[in-house]
Amino acid sequence: MMKSRTAIQVRYAETDAMGIAHHSNYPVWFEVARVAMMDGLGFPYLELEKQGYRLPVIALHLQYFRPCSFADNINVEAFVTERPRVRIRIDYKVFRDDILLASGYSEHAFTNAQGQIVKPHPAFIKALENALIIV
Amino acid sequence: MMKSRTAIQVRYAETDAMGIAHHSNYPVWFEVARVAMMDGLGFPYLELEKQGYRLPVIALHLQYFRPCSFADNINVEAFVTERPRVRIRIDYKVFRDDILLASGYSEHAFTNAQGQIVKPHPAFIKALENALIIV
Amino acid sequence: MMKSRTAIQVRYAETDAMGIAHHSNYPVWFEVARVAMMDGLGFPYLELEKQGYRLPVIALHLQYFRPCSFADNINVEAFVTERPRVRIRIDYKVFRDDILLASGYSEHAFTNAQGQIVKPHPAFIKALENALIIV
Amino acid sequence: MMKSRTAIQVRYAETDAMGIAHHSNYPVWFEVARVAMMDGLGFPYLELEKQGYRLPVIALHLQYFRPCSFADNINVEAFVTERPRVRIRIDYKVFRDDILLASGYSEHAFTNAQGQIVKPHPAFIKALENALIIV
């Protein structure tokens, strides 16, 4: 598992008065893809939560190249391009067919359930390192 | 305090490809108005939560008469028309100026933080009874 | 095609501070299921839109029996139980495995792109009539 | 009008299972603040839309320093720090009292209603230049 690919169909509720998907949905789709990537790595987010970890977003960057619209079938790729440290970074690309619609990344800290910074989960970090690709 | 009235401006993110506010925002606006009503009654929802109570929605009904659009200034009224029992019911009306855009109600159960049904909070029930109006 | 069944995984963004999916997501999930049902009937909503029709929600009713949480795999059924007239009604049931989590219905009017009431799309009404089931 | 400041109360629907406002709400709050800033500049977004312009988001950057929770009263500042060109950039800071919770910026292109790139609205650009501050 080096790159996770999640199929999403744009919901009507996600469109806006411009007739396109509102830009605030992309962070939600990134999250859906991130969760799928973690499933693929054998570290479901839910499992990490049960072990007392949280992975709050501490930074987010998005570039929007082309819009998408209601009922469009898009694919969101999530992948790792940077060696995880105290903070981990996940990268994303959103495609409709072969057209790149958007790209971006999220950065996360490891915290406990009370929101305090904790040491990263060693086995999860190892899994991320193994999934590291240079795109 | 018999009827709470909350001013909301329609956000661009709340519009959809029809150019109007998507119908799924009205339950969110109802909630904003319900929270304001509870503030007005002297029982902020946050305070009830701290006391270990939750008020999950167990039923919701909405009627949509006229749409509203981006930047519209609407008012959401929340009020009580029914004597609260095990379940409590809050009614809502959404206006733009004097035009009724939508109406509806929500029903709630009292639960603890684990989601188990508990006896209603006596003082809050009393406050709701005092706020009871027939519209 | 008598009953449409759509698989949805609860997104983290759909959860709330009670740790469950917020009640305002169910109308969005109903819509996803309604869109899938219309695809199944051979009348994709997008196609109706291109023909100049809109199907705004004019009423919505929901009952919530049990909560669902992040990463839960739910199924949303959409089906017709009432002969469509000027307004059409779609019914919904939300399941996790065999457990009924919520049910409800939406009512819709036929309008043109300007939001004016128009006569129903005859072939779509016929397709809905054929899909009519009594549950 | 050099810096716009918009008060927002965190909605329950905006919280997530971590008990904090989900990170995908911040772009929505940025937009609310951007709309208020444009009102303050005398160029309401709605007015620009009526004149045939759109200002889609083409890039977005966010940094999250501290979380906020249900019912928190936050202030979102929107301001211009960069001379507007073909693309314009708006900066944001989110505060609760004096505590900086998040910061970021959005970049926008000028398009027509069909989404095609057009020359910037000259008077609006002039207003942005006048509002330019270095923070």
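When the chains are written out, they are named A, B, C and D in that same order, and each has its own residue count from 1.
One rule holds for everything that comes next: contacts are C-beta pairs under 8 Å (C-beta built on N, C-alpha and C of every residue); 3 or more make two chains touch, one makes a residue touch a chain.
Note that this is a predicted model, so its numbers are computed, not measured.
Engineer: Looking only at C-beta pairs that count as contacts, which pair of chains has more of them, A-C or B-C?
Structural biologist: B-C
Engineer: Among B-D, B-C or C-D, which chain pair copies the contacts of A-D, with over half of them the same by residue number?
Structural biologist: Looking at which residue pairs coincide with A-D, the repeat is B-C.
Engineer: Between chain A and chain B, what distance separates the C-alpha centroids? Give it in angstrom.
Structural biologist: That gives a centre separation of 34 Å.
Engineer: Rounded to a whole Å, what is the gap between the Cα centroids of chain A and chain C?
Structural biologist: Roughly 28 Å, centre to centre.
Engineer: Could you grab the centroid distance between chain B and chain C? Build each centroid from C-alpha atoms only and quote it in angstrom.
Structural biologist: The mean C-alpha positions of chain B and chain C differ by 23 Å.
Engineer: Hey, what residues on chain A touch two or more of the other chains?
Structural biologist: Residues 12-13, 20, 24, 27-28, 31, 70 of chain A each touch two or more of the other chains.
Engineer: Report the residues of chain D in contact with chain C in the complex, numbered from low to high.
Structural biologist: 12-13, 15-17, 19-20, 22, 24, 69-70
Engineer: Enumerate the contact residues on chain B facing chain D in the complex.
Structural biologist: Listed in rising order, the residues of chain B that touch chain D are 9, 11-13, 27-28, 31-32, 35, 44-46, 70-71.
Engineer: Under the touch definition given earlier, write down the residues of chain C that touch chain B in their complex.
Structural biologist: 18, 20, 23-25, 27-28, 31, 54, 56-65, 67, 104, 115
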